[in-house]
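In the two assemblies presented below, chain A is common to both, partnered first by chain B and then by chain C.
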Partner chain A sequence: MNINRARLRFFLICFYTILCLIVVRLGYLQLFKHNFFLQKSTSQLKKIIKLYPNRGNVYDHKNKPLALTTTSYSAYTMPSQIKDKLEFTKKVTSVINSSQKDILKRINTRSPFVWIKRKLNSTSYQKLLDLNLEGLDFIKEEKRVYPHNNLAADILGFVGIDNQGLGGLEYKYDSLLKGSSGKIILEGDPRGCRLITGSKKTLPPNDGKNIITTIDEYIQYIAQKYLKEGVEKNQAEAGHVIVMNPGTGDILAMADYPFFNANQWSKYPVHTRKNSCVVDVFEPGSVFKVFTLAAALEENLFSYDQKIKVPEKLKIGRHTINEAHARKDGESGIYSVSQIIEKSLNVGSSLLAGQLGKEKFYEYIKSFGFGKQTGIELPGESSGLLRHPDKWAKIDLSMISFGQGVACTPLQIATAVSAIANKGLLVKPRIIKYFTQETDQTMKSIPKKTVRRVIDKETALKVTEVMTNVVKQGTAVAASLPGYNVAGKTGTAQKAKKNGRGYEHGKYMPSFVGFFPSYKPEVLILVVLDSPKKNYYASLSACPVFKKIALATADYLNIAPDYY
Partner chain B sequence: MENNKGRNIPALLQHIFFRQKIDYSCFYVMIILITIGIIMILSTSSNVGFTNFSDSYFFIKKHTFFLLLGIIFFIAGVAIPHEHYKKIALPGIIFSIVLLTLTLIPGIGIKAGGARRWLNLGLVRIQPVEIAKFFIILFLSTSIVNKGKSISNFKNGLLPILVLLFIPLLLILQQPDFGNSVLIMSVSWILLFTGKANIYHMFSLSSAALISITISIMLNPYQLDRIIGFLSPWEDPLGKNYHIIQSFIAVGSGGIFGLGLGQSKLKFFYLPLQYSDFIFSIICEEGGFILALFVISLYGYLLYKGTKIACQSESEFSFYLGFGLTLLLVLQAVVNIGAVIGFFPITGIPLPFISFGGTSLITSIYYIGVLLNISKKTKKLRADAKQ
Partner chain C sequence: MNLKNKRLVFYISTYILIALFAILGLIYNTKAIPINENISQTSQKLSKLKEDNRKLYLELHSRTTLEAIEKYAAITLNMVPAPEIHYLIRESNEY
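Up next is the complex of A and B:
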């Protein structure tokens, strides 16, 4: 045969060498680099699907819902799938409340995913669904709903678009309400489908915990209703109400006018959305006199019916203390200690504080909880402004004795007065009763906590008696309730300027704090109005609000009257 | 064949397969490879079949159909005395040129994936290049034998062969089918090389081939991409080089023993054409190094056996035909395997007997039939010689 065997042999050797090289290469890939490629394979197969937990609900103390979550649908689009963007935009904007320009701008992008509108309401969702638009799709999302709109909005707070807590309890307990997300780990192909032969592992999400607050839905409603009425009637800038149970420190209602709708929180200014009852401070004014009285009685410097001479004016250094009301002609200058409080005499309380001295008076104020956060379960609480006595000017002792030159939150006042109502025991206010698991099992309760004894029981009873007289025959007759002994005290503070230097001219903060029945108190109500244009005296503005809330609350809570 | 006249068909079959001594080793190799192929196609194509055609058995059904057709061709290959093919060498190459030209005509030629490689024959599609390959080998074998010693003369010997060879080659490049062009060039080169062509002529031919390859690459930028990707696969693992990287992952994650039959992960749309071009990657993944080595050994053995049969044949023509067909099969396997492990650029050459594929499967089976026929003659001749 005419073939070249040498060339054939040469070629065959080449060929088998190539086969050997292939085997070597296979050995390198499969044996030497096996782990590297196995790991690559596993990691590209692994697909994680996130499972979102349900956000916990917030209830009032009777398990009535205050904040809930519902499912809603969010519309999105993948712009590359839209055939006619103009037509798409026209159809979409016929349903949702957005300008065509805005939508067009959003879908004219190279981004693969664009939100059209998140958390649609059910009617818009249905309408968009009916359009049957190509490229428009929906994702089920959880939406926070506040069924009562502005009810207790300051306490509850609000959430952002991704259900992240941004205010109030929603913010403070965000991680608890949120729960933790779970995931499904499975093997998938590049198109995102699960492999038939692949493994699957599910880690279920932990749903958020529910919060049971101490709020009573009805009392909250009552408080908000009459606060609004009072503010509008007196043309005030703002108003605050706290209703609490003095024995337990449970907050039954807390309102801060102007209100806001937590479902549409972004439409309200920032200062409206904050909870002024715990965040903002004001000078309490004459309300503070009860603490001066309590301290003086506790120290046995005076007995409450002791008569002392109270001059019309008191000169301390360069300053002069004046009474709010000019004394009537012929009125004698002799008053009992009780009458000083009943008539709310600034000079009188200055005398009481003068006998106490700076240090002791300061210790009592501190003991009542001023200058320190109450520790309520709400975010952003202020500790108020209480300077150390070393920094007090000469006049300050007198000023503070009637509540000027000291600043506190409405909640601090309510808490301190509740110590008097509570026979001298200061309790920590609380707004959360307990947390429950998704199974409604109690997970953790917030205990009632007695902080300390501030004054003796006898002293507390004497102060209560004086406060009862204030309502019976003193400055707060307008706050008296038929059938009940009411203990209370008015205050009409001058409004401090924002920069802290002096007071705003003609602006007052009338307030009233009271509890009833005086000797076995069940409810304590604090009303503060901010700069009313009419009736800046508390007896005419704050007292009627108190009276309305108190009457409705007494009725609702079935509080037994003291007399018939 | 003259002896067979007047016999009935069973007797004829008996005569073909049993009475005459045939070297069956290539046949057994083919059966093992086809079996592996069936298993792998079942494993790899069911998900694609289900996704694209709502039928998990879509591909295996078609494959079975081609296998059945293949049996007919196999019997024809064994039965027809290969010496007869000499007569159709010239018409065959003209027929190939016609078929290849038809692919360029819209309507008859089918364009898929940017290439015109298929002819639509109503029920089936055929790939003319697979048919052309056989005729080119046949033409070369005949020409080398006819030219005899004059093949070392360029003008009268080599040139006319090359001219007729280049027409179908250009048409194949035109499709474009880079892989098959290189394959045909390589086989032709080796045949001419062993056929005592002048060694300087062969090197000039190599230069010419290099030039035509360069031109082809310049005309089709996607081939350039593939070659660059082949040289540095880790540069763009999610883009251009995604497929070769996925192939590495499949091969590498198999390890020694593999993940087990049917357990491949990469067959779920990570690898493209996992039932044809990349079937060897899945063999490596499911069967591991062991199975891969076994498959490679089978092709190695096929080369050994095929060459032996060719060498022992009685005529030069039989040698070139047998050796050429063996080369065609084994070289395809080497190019395919070499591509999925990163030795060569990915060219779309199927793995003979294993890959899903109509024309390629049938022609491959046919080649084995022809090889068996060549071995038959050999044994008969030896028996005569002994007597």
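Up next is the complex of A and C:
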């Protein structure tokens, strides 16, 4: 009996020990691992459907679309589901433009998921759908489309296969344009089936913001059309045009030839895809003389009708400053300050700068915005090349006075000349007006900004008068517009070598910058051509391009003429 | 009524109430199913229409680019650009 009792006791002890262990384990799971198992069960019982946001659109200032998003389908396959891979490949490649070898290589893998082709056009998608192939399926995706192809492509930029911005505004404002994804949370059973009475929570996606630019679709088109004509006619390597409102700084058009189609950007070389108007620098040449003049007049060193004796050559150290053209017989060599700019005399502008001195001259150049980024809302902007006067050689003061030995972007020149047009006030150029939500509610605007006063109003008006004379009777007669007073300046600069040591032989960068009407300017246009083989003088190459763009713009904007 | 009967009545009425609630719940859910289904279908239709609208908007702007209009005017309508007017600037003593 005692033995039986002992055995019973032993058995009960074992039993209760095991029971205690189970209870302790249960307690541990329930109390300490509560959150872990709650999360696990929640994830099993909840089905999450991701909602993708729509990428924001880009519009011109009149809300005409420049970049849109549309739905497209991407074809994929799960190779394990394909019975006859060769047959599958033949049928698929009969629709899409891919090699059979490439498709066969892709589907002959152990990978459970293989893309066949991303973002099919609607025709290819329908054809593939009609094939009804086993193992072929489709995913809906968003595709970025630029309806105007190459219009403003340098400004808009382009996107990659996953709609990530890779250039231009698409890159700079990618986080604003892409938005954030949402989700639908459904209650379901562990097999993923939705419960009839289960709850449904929807967190809507935040669509990307839309961008309203300052670009005008028509002016951009005109600028590109006539720039292309000018480049082809003069057999230039490239060309750039900027059209802006000098009073507000709004960029109405910015074109950079050769163009590229943003819908097929990968087919174009890299150098065509950058926006040279803000990224690349060049020596501006005689266009820079207007800033030399402005500085000299502002310092009251000269009056614009003051006569000066201008020698044919000027020797500075071991160097000699020459004119671009030989003097005509009978010319006295005495010119007014205005005539120095009208005739674009290098020696004359050297004399003006010589009176200023390098420190003062440098201050004015900086004040006009050179050597510094303008701050426009585009990526990759260059600040140009402007050395401190401490690093200037003796010849540099003269060289810089007529725009050699200093390098700047086309945008910097346009912005600096707009200060003259704007009665001495430098404005910040802008390309974005504001951002909106999908519901057109304005989220954030980029305000117009006046940076500083560079020169007095009277000085600006005097420089404007001189620039108007340049067009009336100087080197830019070819840029004159019937009925309008046009203020402008030509420049025919030697093209600097890429290594910065000297100039390319026989290559020039003709340019013309002008605004009109002279005394109440509404439009400023800059045209630059790169290394034209025919007509390297600005009066014969850049001026006619300016004139065509200006006439079309004046007509479009209904700019009242100055005289009839 | 003795205690036993009272208990019986209580249990029966409880069961009847539970059954009633269960039936009402079932009726509500069965009516809710087609309504939810309807909502879901209408939402899908709406998304499809929005999608179609976007596609049409894109097609409209792709076909009415300034380049396309100019080409259409030149080729199909045989229109020509307005003639350019050239101005001769004469010196005042010239005739």
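Note that the second predicted complex is superposed on the first by the 496 of 564 C-alpha atoms of A that agree within 3 Å, B and C clash if a C-alpha of one lies under 4 Å from a C-alpha of the other, contacts with A are read in each partner's own complex, and residues count from 1 in each chain.
Basically, a residue touches a chain if its C-beta (ideal position, glycine included) is under 8 Å from a C-beta of that chain, and two chains touch if they have at least 3 such contacts.
Computed from a predicted structure; not experimentally measured.
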| item | value |
| --- | --- |
| Partner with the higher number of touched chain A residues, chain C or chain B | B |
| Partner chain(s) touched by A:Lys394 [first = chain B, second = chain C, both, neither] | neither |
| First, second, both or neither for A:Phe11, with chain B first and chain C second | first |
| First (chain B), second (chain C), both or neither touched by A:Lys533 | neither |
| Which superposed partner A:Leu29 touches (first chain B, second chain C, both, neither) | first |
| Chain B versus chain C as contact partner of A:Pro65, first or second or both or neither | second |
| Chain A positions touched by chain B in one structure and by chain C in the second | 196-197 |
| Of chain C, residues touching chain A in the complex | 29, 32-33, 51, 54-55, 57-58, 61-62, 65-67, 85, 87, 89 |
| Residues of chain A touching chain C in the complex | 64-65, 68-71, 145, 147-149, 151, 196-197, 217-218, 221, 477, 480, 482 |
| Contacting residues of chain B [partner chain A, same complex] | 47, 148-149, 190, 193-196, 248-256, 262-263, 265-266, 268-270, 284, 288-289, 292-293, 296, 299-300, 303, 307, 311, 315-316, 319, 330, 334, 337-338, 341-343 |
| Chain B partner contacts - residues on chain A that touch it in the complex | 1-4, 7-8, 11-12, 15-16, 18-19, 21-23, 25-27, 29-31, 33-34, 36-38, 40-41, 44-45, 187, 189-191, 193, 195-198 |
